[in-house]
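Same chain, two partners: subunit A is paired with subunit B first, then with subunit C.
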Partner chain A sequence: MAARQLAALGLDVVVLEAHESVGGRTRSAQVAGVTVDLGGTFVGPTQDRVIALAAALGCRTHPTWVQGKSVVRWHGSRRRYSGTIPRVPVTTLLNTERVRLLFDRAANRLGADGMGRSEQDEISLGTWLTRVRAGQGATALLAAVARTTWGCEPDEVSLLHALRYVKGCGGINRMLDTEGGAQQDHFAAGAQEMSLRMAAELNVYTACPVRSVRHTAGEDVVLETPHGDLVARAVVVAVPPAMRNRIVFDPPLPSGYQALSQRWPQGALTKAYAVYEKPFWRDDNLSGQTLSDDGPVFITLDASPEDASRGALLGFIGGDYARRFDALPQAERRLQVLQCFAELFGPAALQPLGYIDQRWASEPWIGGGPTAHPGPGALTGYGRWMAEPVGRIHWAGTETADVWSGFMDGAVRSGERAATEVAAHLAVRTTDDEMAANA
Partner chain B sequence: MTWSTESTCETTATAQAVWDRWTTASSWSEDDASCQWATLEEPLKVGSKGKVRTTGPAQNFTFTEVVPLKKMTFTISLPLAVLAFPHTLGAGSSPSTVRVTHGIVITGPLAPVFGFLVGRKLARELPRVVRLVTEHAVLAEA
Partner chain C sequence: MAARQLAALGLDVVVLEAHESVGGRTRSAQVAGVTVDLGGTFVGPTQDRVIALAAALGCRTHPTWVQGKSVVRWHGSRRRYSGTIPRVPVTTLLNTERVRLLFDRAANRLGADGMGRSEQDEISLGTWLTRVRAGQGATALLAAVARTTWGCEPDEVSLLHALRYVKGCGGINRMLDTEGGAQQDHFAAGAQEMSLRMAAELNVYTACPVRSVRHTAGEDVVLETPHGDLVARAVVVAVPPAMRNRIVFDPPLPSGYQALSQRWPQGALTKAYAVYEKPFWRDDNLSGQTLSDDGPVFITLDASPEDASRGALLGFIGGDYARRFDALPQAERRLQVLQCFAELFGPAALQPLGYIDQRWASEPWIGGGPTAHPGPGALTGYGRWMAEPVGRIHWAGTETADVWSGFMDGAVRSGERAATEVAAHLAVRTTDDEMAANA
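Moving on to the complex of A and B:
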């Protein structure tokens, strides 16, 4: 996104992508003739920047299928329910709603800079759930939220980070809902199409990881790649914070930046798709949306094409479930996912036309997904270095966004912000150079 | 009176790998979060005894059924009830898979009481235990 914006200003921009294809944590694949999104998938209300980008690029979205009843598997039993409130025990529901209100209230009280009280960064989300007496049921529900949102268990993410993150999404409901929420729509041709279309207009080198960045104050930046060195007036680094340490900076970055990389680990989230002859669950008046208190698949959605020419179920596997699941051979992973789908939708789920899963924690240049889960102390200690430029080195990537961080919208916003920084930086330099030349 | 439940899953692990997992008592705590430790005091056969600690004091268990690569059952005596854990291995839906079933059977006059007090909690964890057994069996062969 930063490259597109800077190229539009007439600057000479080169994109160096470590992976074989562009898109970062958006990646689309074909399974039995169906386009599926292995990474970022959905967009929803208030995600204005990604929606605007998609519109500008001609990437069409369609609503996520929500008609029919949802299923909850709770304490071993399977129940159908209508609307957004799962059929779990009333005490669990009341307690969960109480915890949600407490959480949203604390998030809304954060300052304009998204920062709160330092003690909120001293504890994990899991500790906070214990302190507010969330109980077993509400804790299980919120653990599912943590696994999907950050790819971690509640004990692994700072409360303050969680509050800040949710505030940037406009609240828990906006973040989790399908209709009216972040899962409302998805891309007809896959979310990666946006990056592919942008790349077609840019000078892009794929499979070209930057090994080192040599930066000296007042001089151009030298990027070392397997294909040779590249000299640039400024650089935008758009990798997850934990991956910044994979690049050798010469001279080394100030210690705060190094500490940030060490303390901003990527989560573990795996997405699995099974594609069927048709969306058979719809015949049973099921929406394809499920929630489970046991894994490995604990949330599912209907990801079928708009014309329902095939059926596609998407399952999420996150946190500890993903860490175990990811270690298994492909045949066992497939079997586990299909058995989960069968428990939720019946034995027809055991016979897909195709299957695929994407283990983001195994991606060498990304290191995990969907985003990072800084633990207690990381945000107040090192968060200030997240997006602060170091000379001519600027930072982008969804983790650097204040709004919809962790989502595609946050990635787009971060690119726009970094482009603005670079343009301003280069304009100042150009003015300085001209003044020096005229002196 | 009898109270019972079971959980089944299919896996690509071999029957041998699952059997090894079942019959290595020292690994039970890795598969079952409620188990602190378990030991088998003599070679595995019908009548072999061991000890297992979950919550509360350690309990004695006895193998009542041992058919290598097919099934095994061990039991724990309770007041006016017997708690049995039958394990069975069967053919899967394809030649490369096996079906693994763990059960809980409580018999005796107080079976309904222990089913309510103990069985429900064990039943809730049963699918997770079966899955962990099969995952560890798969990984042992990888």
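Moving on to the complex of A and C:
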């Protein structure tokens, strides 16, 4: 996004991508003729910047399927329900709603910069759940939220980070809902299409990891790549915070930046898809949406193509479940996912036309997904260095966004912000140069 | 240490050191003619392996100065005391002793592998202090321990990691004490001398960071360095866990290893020395040892040469204090440290012959000091990958040690363990090759 905007200003821009393809944490694949999104998938209301980009690029979305009853698997038993409230014990529901209100209220009370009282950065979301006496049921539900949202257990993420993150989404319901929320729509041709279309209009080198970024004595920055050095006037580094550490900066980054990179781990979230002849669960009046208090698959969604020419089930495996699941051989992973799908939707789920999974924690240039989960102390200790430029180095990536950080929308916003910074930076320099030339 | 042992077995060993000098987190400097240790400094009883190494290399130690009264600065007032028990309010002392006993008891109850109940990995040391009602005074004392031990605040380190770490030292007192503890002796010519003497007998390249480690289709591993590729039969990677991420592994490390590297941050601990004509505080019957509940310098020690030909004060700045201190210009840092020394030892402290500080968090190849502080979830989630070899890659470094991890002794032990592993690994291969040749 930063490259697109700077190129539009007439600047000479080169994109150096470490992976073999562009898209970062969006990656689309074909399974039995169906396009599935292995990473970022959905968009929803208030995600205005990614929606505007998709429109500009002609990337079409359609509503996520929500008709029919949903399924909750809870304490080993399976129940159907309508609407968005799962059929779990009523005390669990009431307690969960109480905890949600407490959480949203605390999130709304954060200051304009999203940095609240530092005591909120001293404890984890898990410790907070204990303090507010969330109880076993509500804690299990909130753990499922942590696993999908950050790819971690509630104990691994700072309460302040969780509050700030959810505030940037507009609240828990906006973040979690399908209709009216962040899962409302998905891309007909896959979310990666946006990056592919942008790349087609840019000068992009793939499989080209930048190994070092060196400030010269002059006004330049030199990027070392496997194909040689590249000299630039400014650079936008758009890798996850933990991956900044993989680049050698010369001179070294100030200690706060180095420390941040060590304290902003990427989560463990794996996505699995099974594709069928038909979305057979719809015949049974099921929406394909499920929530489970056990794994490995603990959330599912219907990801079938709009015309229902095939059926596609998407399952999420996150946090502790992902750690165990990711280490298994492919055949075993496939078996476990299909068995989960069969328990939820019947034995027909055992016979898919195709299966695929994507373990984001295995990606050497990304390091995990869907986003990062700084633990206690990291945000108030080092958060200020997240997007602050260092000389001619600017920072982008969804983790640097204040709004919808962790989502495709945050990624687009961060690119726009970085482009604005670079444009200002270079314009000032140009003026200085002209003044110097005139002097 | 690994290289020394493998070379002694007659193997052809090359040491590739990223920094300009060997020694890692030991580094000695001269200030006004006095040798000071900017990193690892002290040794004490039960640190048998580093003591054996020092003896073998002829590196002499002498006792740390402890005579005279110590000083505690507490709630803004300064008091002298004798022995090891600071003069803080008696309720604080009793409560601190209660918390210490609780902590040591929990540490002793850990299993043989040091992995205890996973619930202990779900909370931070800080949350545990709240749960056991440590109170303000004991919490402040334990915070000082966390800052010197791990370079972090109590909220940033997993309770289980803290317990396991202290257990590996033989208890809190063994870890913290001067006489009979880990600060008992220090090196006459500096701790770095051990590495320098070992390096003199080895084939060492400094300023030679390894950029990638590639397993070949055959039996080799190829190390990419700024000076070209090096082919080896096995490699020992002895960098802090967070720095493993800076090396490109091909094929990529399994996801558990990548995740560990993102979740094992190096601490923020800075050491400052001022050197004087004489250890003038001794004339005042002061030991030079102080403890403070405020910073930036919150612990001091007398680090004068054995013959007292000069006086040297060592001050520690850690955790939140280090974050602020490290960002200041040198003149301001010097002023703040000398003012702290003057408050504790009188105005003579303002006129040193020389001053030096070392900010470990600014070191691009080390990333912080004195050691790492994994937060909640990291140890039970990923600790098993800390020292487990991957193909021909073996791991060393003090963080991989079970006993005295984080200390020089743990570093030596880890090198010995890695050397044993590599020797076994290569011997097995040799036997296999011979069998294949004979078949």
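Here, the second predicted complex is superposed on the first by the 436 of 439 C-alpha atoms of A that agree within 3 Å, B and C clash if a C-alpha of one lies under 4 Å from a C-alpha of the other, contacts with A are read in each partner's own complex, and residues count from 1 in each chain.
Throughout what follows, a residue touches a chain if its C-beta (ideal position, glycine included) is under 8 Å from a C-beta of that chain, and two chains touch if they have at least 3 such contacts.
Computed from a predicted structure; not experimentally measured.
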item: Superposed model, subunit A: greater residue contact from subunit B or subunit C; value: C
item: Subunit B versus subunit C as contact partner of A:Leu350, first or second or both or neither; value: first
item: Partner chain(s) touched by A:Leu101 [first = subunit B, second = subunit C, both, neither]; value: neither
item: Which of subunit B and subunit C A:Gln339 touches, first, second, both or neither; value: first
item: Partner chain(s) touched by A:Asp294 [first = subunit B, second = subunit C, both, neither]; value: first
item: Which of subunit B and subunit C A:Ala56 touches, first, second, both or neither; value: neither
item: First (subunit B), second (subunit C), both or neither touched by A:Gly76; value: first
item: Touching partner for A:Pro329 - first (subunit B), second (subunit C), both, neither; value: first
item: Contacts of A:Gly367 with subunit B and subunit C, given as first, second, both or neither; value: second
item: First (subunit B), second (subunit C), both or neither touched by A:Gln266; value: second
item: Where subunit A meets both subunit C and subunit B, residue numbers; value: 327
item: Footprint of subunit A on subunit B - complex, ascending; value: 9-13, 93, 96-97, 123-124, 126-128, 131-132, 134-135, 138-139, 142
item: Subunit B partner contacts - residues on subunit A that touch it in the complex; value: 75-76, 294, 296, 324, 327-329, 331-332, 335-336, 339, 350
item: Contacting residues of subunit C [partner subunit A, same complex]; value: 121-124, 126-127, 152-153, 155-156, 209, 211, 242, 245-246, 248-249, 252-256, 258-259, 262-266, 268, 320, 323, 326-327, 359, 361-364, 367-368, 375-378, 381-382
